[in-house]
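Each chain carries a letter (A, B, C and D) given by its place in the written order, and its residues are counted from 1.
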Amino acid sequence: MKLSNTPAQRYLLRIADAALILSQRNAEWCGHGPILEEDLALSNLALDHLGQARALLTHVGKTDGLDEDQLAMLRLEQQFLNPVLFELPHGLHGQRDFAFTVLRNLAAATWFTLLWQRLLDSSDAEVAAIAEKSLKESRYHLQHATDWTLRLGDGTAESKARMQAALERLWPYVGELFEADAVDAAAEETKLGPSWASLQMEWRAQMNAVLGAATLTVPKDCANAHRGRVGIHSEHLGHLLAEMQYLQRAYPGGTW
Amino acid sequence: QAREAAFQARIDAGEYIEAKDWMPPAYRKTLVRQISQHAHSEIVGMLPEGNWISRAPSLKRKAILLAKVQDEGGHGLYLYAAAETLGTSRDQMLDALHSGKAKYSSIFNYPTLTWADVGVIGWLVDGAAIMNQVPLCRCSYGPYARAMIRVCREESFHQRQGYESLLVMMQSGTEAQKAMVQDAVNRWWWPSIMMFGPHDSESLHSEQSMRWGIKRNSNDELRQKFVDATVDQAKVLGITLPDPDLKWNEARQHWDFGRIDWDEFWRVVGGDGPCNRERLATRVQAWEDGEWVREAALAHANKHDQQKEAA
Amino acid sequence: MKLSNTPAQRYLLRIADAALILSQRNAEWCGHGPILEEDLALSNLALDHLGQARALLTHVGKTDGLDEDQLAMLRLEQQFLNPVLFELPHGLHGQRDFAFTVLRNLAAATWFTLLWQRLLDSSDAEVAAIAEKSLKESRYHLQHATDWTLRLGDGTAESKARMQAALERLWPYVGELFEADAVDAAAEETKLGPSWASLQMEWRAQMNAVLGAATLTVPKDCANAHRGRVGIHSEHLGHLLAEMQYLQRAYPGGTW
Amino acid sequence: QAREAAFQARIDAGEYIEAKDWMPPAYRKTLVRQISQHAHSEIVGMLPEGNWISRAPSLKRKAILLAKVQDEGGHGLYLYAAAETLGTSRDQMLDALHSGKAKYSSIFNYPTLTWADVGVIGWLVDGAAIMNQVPLCRCSYGPYARAMIRVCREESFHQRQGYESLLVMMQSGTEAQKAMVQDAVNRWWWPSIMMFGPHDSESLHSEQSMRWGIKRNSNDELRQKFVDATVDQAKVLGITLPDPDLKWNEARQHWDFGRIDWDEFWRVVGGDGPCNRERLATRVQAWEDGEWVREAALAHANKHDQQKEAA
């Protein structure tokens, strides 16, 4: 894996990996959704994110002669740069918690929508083009996640309790989405894309509005302890990659 | 009596029966059984292939597989809708599935053990399904016929994708990949040709269904057609079908094939296949785990309606 | 992987893989047991089975110049020959069902005890030596699993219901332990070891006695549909191996 | 008053206090807190390393790791037993853990991200633990001191095993393996030297604990000892400790090291480390999932007793 790891590559990999890993997670619902329509919606979401990841990975790898599959299937865990939020399992111990799924998708879609919007003006024309297509998708995801947040937050006492509990579990991971660092600063400098910190205010305003309308209580912020963006992940990513990459590693040199 | 005769005359004339038309109760019942069974098969059929989404070997294959499994869910959706036009609700049909009363295609009680299984299911299982389903596009019940036209179009697409993925592995893959494909074919061949059901001599319901225009070809006819088509495709792939008795019969102008293990067929239909219990348990668990979601959605909708009324 | 796959090797691999895969499963309880003492007991069980597997794998691979790790970490799924029973997860969807764990361990220990006993007379002296050490371990496992079966079968209404449900889930897989085939016949012929079918009567008698004393109802037998012993597994083994083999495959040529 | 003086005199004379002896309530309370915290650390400490049992790269390493994690559970067992001699039940201590009232060692709130983490935990984390624990083998409370002797013996064994596994990778491994070891050391070094607690100037309880013979060395003293020992081991390994300020101080005859990030330390202690919530949730879930098992075991034992009485 001879990736140059330039700041620009790293900036884009953070986004590509966020989309890729979230796609892998949402696809876990395929065949197991609470309603058939939702099963299809989550597969669709996973497909959209997969498509976004593929476009970005292909673009990122080009200068180093690496294709999307080399980047997705042969990088080691420490080389994945998605924020930890995206790799968390839906439930703590193998279960799928639909409340967590909905809220993470809300957090992600709000964030992706803001990000793609700003990336429309990227100095990298290819990135701008990817952003344009992706923005339409993310707006739809946002609407869908918002609808479900309202339904489940303001549904039954049980659904509200589940949503609030899931929100408490999710909240410690959102801080990482808005940390500033050198990679981020370089992207802003070169107009490749916005510093993520600059998305924070708008993200919080939108989230507060939706969560409030859903009668949920926004948890207290806590110091961010997560550093997926520099390759320091949770214990969950390794297990996810063991599955995701198994075939490429077990059948080296294969053509698929 | 007269109504039945008129009904049969319409069918004989090749007319479509629509939801609001009168129909004999037995016709309705047969259709609900057949369409819901077909819908259940799509839903349960998401599981064996879904097992490989997380492990697809490339992002392109992952996208294709995810889209395919999603299509199956979509087929389930419009088949349930077609069945609902006959007066049975989706919840009733799902209850029948979850309680074990309703059946689904027995093929999905076999496990997907390697990545090649995904391609082979596309090629053989979807291929057999299409043979069974194409005649249903001319089924006498309009809503079902129209649903089947859409289903068949997508299924043919899946079948070509499955075959293409095998072709890539057989033509450009490593020895280990080729062995994987052959192994998958060995496991899926016989279950696939069992998908056409028992021999005509053993098949119940067939005659009446033929008369009603719900069934257009006999099991053995379709099976032969499938075998004839598949043998050539296997040659192009360069794999061996696991049947030593497979040979061209010049007189019949068809391929002869070996004896089907009907004991296995009935055992799996009867519930003792490798995955019957797990498939059903997985569907039931998804349904039960989702109960609070469905309840909340309903509660929210009710609240919302009341607010609108109050306003 | 240049394994000759002689009938003798296959006979022994079936046993080695049964021990190895069951070890991998029982180790999943480590840190998650219902009682600290039981956490330790299950780790111990996993360690014993791991030791048995290592001894057998080392022995099996010798003639082909393969070591235990090549056999454990580089074989593909279809090359594993354990009966499906041993690879089943503790619960269907990621949960750990202690009732299932206890009952599978009871079934396994009863079977292993009978098997090792007969293998004491193996024509292969190395196998006989492994059997001698293993028999002591399995007798202890059997006692432990029996105690828990009695406790949970004849405990509370809830525990009894859970045990009965787990027993129903397990039962369709026991048939495979006693199927006769050519590999089996060859082992009996060469006095390498007993045909597994010959263990069946005694196994059933012992199981019936324990399950009866635990006030549980032995389920109806069903036709055996499982063929792990010829490499046709359930969908679970692939996921287990993706984890188990990941490091060896991700770091090829490593020294550990 | 006189009793307290006599008690202190016994301690000053180097005698062991035993369970049945009189002791000041504060001494008892301090010990229960310290021993149970230590026991909890062993139990929670099973999780980060346990995360790699399923993925150990060889069967030998799997066996070593499994045995090690099991030993930690064993340490938990005898530490709980030592604390129970002071009149607090294991269930009470577990309640305090599960409700978040009781603490455990903050080091276990960091994730294990690669296989090398397992070796590095053995080398650095167990190494630091031993530095902390060896003096406790001479602790004034007999049952605790005796438990610690056993714990320390096993911990040294684990430490050597951890170091040896790193040595194998650094000396005979591939470049990727060496990079993995260095990466793990980079992540664990600072948390390890934080294990000795705040600087002496900031450390509460210390003085009283010293007087009671529960604590024998100051935090900074032990930390320095650990750094001094570790620097040489790192050289043999051929890895770089991630501290540019690390250098030999001829005057002090010790290694100087850089400023510790106490903000991080307090943040993790306070609950906002990378894994605090998950570790606790995992323990709580295991406890809750196991409730029916514990209830059944109790019910069975009661039935059994009654039957014996009736007989």
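The definition used in the following text is that a contact is a pair of C-beta atoms (placed from the backbone, for glycine too) under 8 Å apart; a residue touches a chain by one contact, two chains touch by 3 or more.
Because the structure is predicted, anything quoted here is derived from the model rather than measured.
Engineer: Could you pull out the chain whose C-alpha mean position is farthest off from that of chain A?
Structural biologist: Centroid comparison gives C as the farthest chain from chain A.
Engineer: Decide which interface, A-D or C-D, involves more C-beta pairs in contact, and give its chain pair.
Structural biologist: C-D
Engineer: Can you give the whole-Å distance between the Cα centres of chain A and chain D?
Structural biologist: 36
Engineer: Using mean C-alpha positions as chain centres, tell me how far chain A is from chain C in Å, no decimals.
Structural biologist: Taking the mean C-alpha position of each chain, the two centres sit 40 Å apart.
Engineer: Could you grab the centroid distance between chain B and chain D? Build each centroid from C-alpha atoms only and quote it in angstrom.
Structural biologist: Centres of chain B and chain D (C-alpha means) sit 57 Å apart.
Engineer: Which chain D residues reach two or more other chains?
Structural biologist: 55, 176, 282, 285, in rising order.
Engineer: At which residue positions does chain A touch at least two other chains?
Structural biologist: Within chain A, the residues that touch at least two other chains are 76, 93, 95-96, 242-243, 246.
Engineer: Assign the assembly's chain-to-chain touch graph to one of these shapes: line, ring, star, complete, other.
Structural biologist: other
Engineer: Let me make sure I understand the interfaces: which chain pairs count as touching?
Structural biologist: In this structure, the chains touch in these pairs: A-B, A-C, A-D, B-C, C-D.
Engineer: What does chain D use to touch chain C in their complex?
Structural biologist: 43, 46-47, 50, 53-63, 66-67, 69-70, 73-74, 76-77, 80, 115, 165, 168-169, 172-174, 176-177, 180, 282, 285-287, 289-297, 299-301, 303
Engineer: Which of the residues in chain A end up touching chain C in this complex?
Structural biologist: Answer in residue numbers: 76, 93-96, 239, 241-243, 245-246, 249-250, 252.
Engineer: Which residues of chain C touch chain D in their complex?
Structural biologist: The touching residues are 20, 24, 27-28, 30-40, 43-44, 46-47, 50-51, 53-54, 57, 68-69, 72-73, 95-96, 98, 150-152, 154-156, 158-159, 162, 243-244, 246-248, 251, 253-256.
Engineer: Give the list of chain B residues in touch with chain C in this complex.
Structural biologist: Answer in residue numbers: 48, 51, 55, 111-114, 176, 183, 187, 267-268, 271-275, 277-278, 281-282, 285.
Engineer: Per the contact definition, I'd like the list of chain C residues that touch chain B in the complex.
Structural biologist: 76-78, 92-93, 169, 172, 222-223, 225-226, 232-235, 238, 242
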